[in-house]
Amino acid sequence: MVTTTAPPAKPMARVRAKPKAGMTRKRREALAAYAFLAPDTIGLLIFVAIPMVLAFGVAFFKVDGFGNYSYVGLANYKLMAGDDQLWASLRVTATYVVAFVPIAFVVSFALAMLVRNHFKGISWVRSAFFLPNVVSLVVVGLIWQFLLVDKRGALSKLLAPLGLGDVSFLGTPSLALGTYVVISVWFLMGYQMLVFLAGLKDVPKELEDAAQIDGAGSWQRFRYVIWPLLRPTSFFVVVNSTIGAVTGLQAFDLVFVLTKGGPARATSTVVLYIYEQAFTFNNMGYAAALTTMVVAILVVCTGLMFGFTRGGRFDED
Amino acid sequence: MAATPSPVRQLSRRSVLRGGLGAFAASAAGLPLLSACGGDDSGGNAKEMSFWNFYGPSDDQGPQSKWFVDTVAEWNKNNDVKVKLRYIPGKDYLNGTTLQTAFQSGQGPDIFLISPGDFLRYYNGGVLQDLGTALPDEARKDYLPGLLEARSVDGKVYGLPMEIEPLAMYYSETAFEKAGLSEADLPKTWDQTLAIAQKLTGKDRYGVMFETTPGYYQNFTWYPFMWQGDGNAIKDGKSAFDSPAAVQALKFWGDTVKNKVAPRKALGDGGGDVVSNLGSGAAAMQQSGIWAVADMRTKAKNFKYGIIPLPTPDGGSAATDLGGWAFVANSKGKNPEAAAKFIAWALGSTDAAGIERQRQWNTVVKTNLPPRKSVQQAADAKGAFADGALKKFVSQIAPTGKPEPRFPPEVYQPIADAIQACQLNAADPAKAAADAAEKIDTFLNTYQGAPIS
Amino acid sequence: MKIRFFPILAHVLAIIAVAPLLWILISALKPAEDVFNFGWPSTWTLDNLQYVLLKIPMPRFMVNSAIVAVTVTVVALFFHSMAAYALARLRFPGRGIIFSGIMSTLLVSLPVILVPLFLVAKQLGLLDSYAGLIVPSIFHAFGIFLLRQYYLNIPRELEEAADLDGCGYWRRYWSVILPLSRPVLASLSVLFFLANWNAFLWPLTITRNPDLRVIQLGVSGMQGQYASAWNLILAAAVIAAIPTVVVFVAGQRRLVDAMKTTGLK
């Protein structure tokens, strides 16, 4: 870890600081800190925490979507066990996470290695990889719907010579989820590549050179020099993309625009299922219960990841 | 932009803090925050009512948008309680969160549009206003049989239909010619459909097309094929979905995809969008509704097409589905009485202006069958159904139609899953139908809302 | 001269990555009937773009989006940097709890709290207003986290100079920390602008007034009204994407540095 933790303040400075009347320095510092934190903390409380608490509360009610509530205790949670579509959608999300997270990780890491050192035209190459990420998911959905139109879309035309001209990438249940993974990777690889690049910048060149002089091959240099230093970055990428894949906008906006969960529920992610329960069936209470369950799963997953990697060593000053 | 208040100013820290305190107070009150919303300003007599719809005023300001704008302007000219239109693009109206979020928090529109598939959801939620007193007997009698019944509970009318929309099979004359086929080859049975579609399928084109996107609309277009074999989803308060009629209809749709003569994903707005599919040459035959006649008229004027009744199974009888949206009023809205009056006036007036307004909607700016006898007569007098596709719709197709069933979401969903699984995932129709039937029964056992039809 | 393999591979992959975007751009410049023609357009036309800009209130949507995205970016960066400063540099009771509390909000995403958030917004009178589009979008833990990482790495001596002058905490933040954060704020502003310009679900839920429609709603609405006109839909998509590409190109040099300096390692 090369984080430059700030050196402890020099005692001289401490002594010189003039305490204001009636308030210790410690107290002033704390008050200042609270004032600095107030806007964001209050905002997060109102616009994230309170809605979440409301969701927890609503989970104990049967809600019909028209403002009528009746208390049902744990009934909404009990419903989950027998809800095979919920399990199907959890399977879709799990499959998506298991496919998307590692593929996105490997692809973006490989791209980062590829554009790590200078070559002619590197800035255009880097921009090109990031460009899909600047486009909105609404537009991304449109673009791929257009490219993947059955038979006449550009991709079908491209694949026609191979005899794959009438493959329906978004209309075939066995292909739709894969297509969704590929599009997600295409969308996010540039962003993750940047994160890796940032991490790679901190790998001291001397260390690598030294390893090379010691006769380490490029694989060994990667394995013993670069990889260990990149562990915290990798941790960040994995946690971030897992959360994104489970409940993020990419799990919702993109599916919503591309397939609406079809064909035959092949891309019905758990977030989409919650949305469906809330807005198609007006089961707000059940949807809220599902929400709390998904957040609980996420907490457990990220907790486990923290445990296994000893926190990815985010420095806690 | 000068009139826009500066957002930055609204964001001073003080206002954020004040907002914070407000929310804390609200959260301390806990659930009342949620439940109180419904009643906030219900039953009032406000001077402005909102009317949410997916026609106007739209950006393209087409004739349908104009009809809405003009109708509302006409009402506002003569009434104290004004109507304000709010346009929501169709896609967001049908599948979005806009209406649901609004109703959930007691901010629902005063007047809005619903399809038969939505009726029970809103009725059981207690937000539909009885149009009774606003609707004179004369108007009631003017509606064709069955139409008001489909929007009534216990004899009380909760919605006025604005149109009747039967489904038929559209075909492209050009595609038939190119494949060396003639009118004599137009399919009458399912087997013929599969065979002809095979011949019409080419490098850039599918022979036949049904809706592929899951949703209420897909179910709506599929029901006729079940009815043709005398099947139904619910009979005598019990699920009848695992019938041979439903199974063979599921199999038929599946076969079109399995044989690669129908697409797995429709273009544009899907099955209801003839211009994007048949009109673009991507499909040679397409099941769609009567509205497409107007669409083709405005967007693909020179395209040659015809319509035929939906093909039937061996030994089956012709059937189609009669869709159609209705105006409804929100009983928890700002002025439900006035909203009901507006609806009765806009769609139900029996004076000359009212009939003309309906005639315009049903035969000029859009193509539907008018839901009222007097309007039908007025349209006939102008020769609206004298020839072409519309004549066929009136004389051959509509008489075989049944109104779209008003299934609540819990009945709709298992059917939708069965259709999707058989159409696109090569599922076993018998098993899919049995699974769906079981789910429907489970739901019906505890259902306590208004009668499902 | 030895031709190196990896740079060539990088160029090829880059072309593949942008190919879908380029194809959309080209298709938007084709006449309606050519839109599915797989090849170079026979004629180029600006009709599609012109139609979308003149017949549809695209400019209005873009102004709305710009107001929202710029305001959110500026206010959010200001608030986040204050919060991050406190978390990184000040000592106070409850720091650990507040920090983990803020971080834990990262687990909650918009789709799962849509309805309760809408209720809160309604209670605060935010429906159907610029404030409703802007205020709830400001608060996000990600920016706080990144800035905190950055501030952890600023040498403490710099601050102490100000301390010696007897400056209060506000002055230290304002005249020492904030100027030092200029590069990271500049690059974060690119990310924030992109995220807010591209927002869809929240604007869809919170606004009813058609005059408040943002660009993504406009594009998505096109799909409903002009379902058969791919040429127009693509033109709208291109127009919606242009500002993001411009902002990105202008700010791209800073992005890598930003990631680096925020200490994501």
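Order as written gives the chain letters A, B and C; numbering starts at 1 within each chain.
Criterion: contacts are C-beta pairs under 8 Å (C-beta built on N, C-alpha and C of every residue); 3 or more make two chains touch, one makes a residue touch a chain.
Please read all numbers here as calculations on a predicted model, not as lab measurements.
> Which pair, A-B or B-C, has more C-beta contacts?
Of A-B and B-C, it is A-B that has more C-beta pairs in contact.
> Which chain's centre, taken as the mean of its Cα atoms, is farthest from the centre of chain A?
Most remote chain from chain A, centroid-wise, comes out as B.
> From the C-alpha centre of chain A to that of chain C, how far is it in Å?
Inter-chain centre distance comes to 16 Å.
> Indicate the whole-number Å distance between the mean C-alpha point of chain B and the mean C-alpha point of chain C.
About 37 Å separates the centre of chain B from that of chain C.
> Listing for chain C: what residues touch at least two other chains?
36, 114-115, 119-120, 124, 135, 138, 201, 220, 223
> Check each residue of chain A and list the ones that touch at least two other chains.
39, 43, 46, 50, 54, 58, 149, 152, 275, 278, 284
> Mark out which residues of chain B touch at least two other chains, giving numbers and ranges.
If we look for residues of chain B contacting two or more partner chains, we find 16, 19, 23, 33-34, 37, 96-97, 101, 104-105, 267.
> Show which residues of chain C lie in contact with chain B when the two form their complex.
Within the complex, chain C contacts chain B at residues 36, 55-57, 63, 67-68, 71, 74-75, 114-115, 118-120, 122-124, 127, 130-131, 134-135, 138, 201, 204-205, 208-210, 220-221, 223-228.
> Okay, in this complex, where on chain C does chain A touch?
Result: residues 4, 6-7, 9-11, 13-15, 17-18, 20-21, 23-24, 27, 36, 38, 79-80, 82-83, 85-88, 90-93, 95-96, 98, 101-102, 104-117, 119-120, 124, 135-136, 138-139, 141, 144, 152-156, 160, 163-164, 166, 168-170, 173, 194, 197-201, 216, 219-220, 223, 230, 233-234, 237, 240-241, 244-245, 247-249, 252-253, 255-256, 258-260, 262-265 of chain C touch chain A.
> So in the complex, the part of chain B that touches chain C is made up of which residues?
Residue list for chain B touching chain C: 1, 4-5, 7-8, 10-11, 16, 19, 22-23, 26, 33-34, 37, 50, 54, 57-60, 86-87, 89-92, 96-98, 101-102, 104-105, 107, 267-269, 273, 275-276, 279-280, 299.
> In their shared complex, at which residues does chain B touch chain A?
Within the complex, chain B contacts chain A at residues 13, 16-17, 19-20, 23, 27, 30-31, 33-35, 37-39, 95-97, 100-101, 103-106, 108, 121-122, 124-127, 203-206, 212-215, 260, 263-265, 267, 282, 332, 409-410, 413, 417, 420-421, 423-425, 427.
> Going by the contact rule set out above, which residues of chain A touch chain C in the complex?
2-7, 9-10, 13, 16-18, 26, 28-30, 32-34, 36-37, 39-41, 43-44, 46-52, 54-55, 58, 111, 114-115, 119-139, 142-144, 146-147, 149, 152-154, 157-158, 186, 189-190, 194-195, 197-199, 201-202, 229-230, 232-233, 236, 243, 247-249, 251-253, 257, 271, 274-275, 278, 284, 287-288, 291, 294-295, 298-299, 302, 315-317
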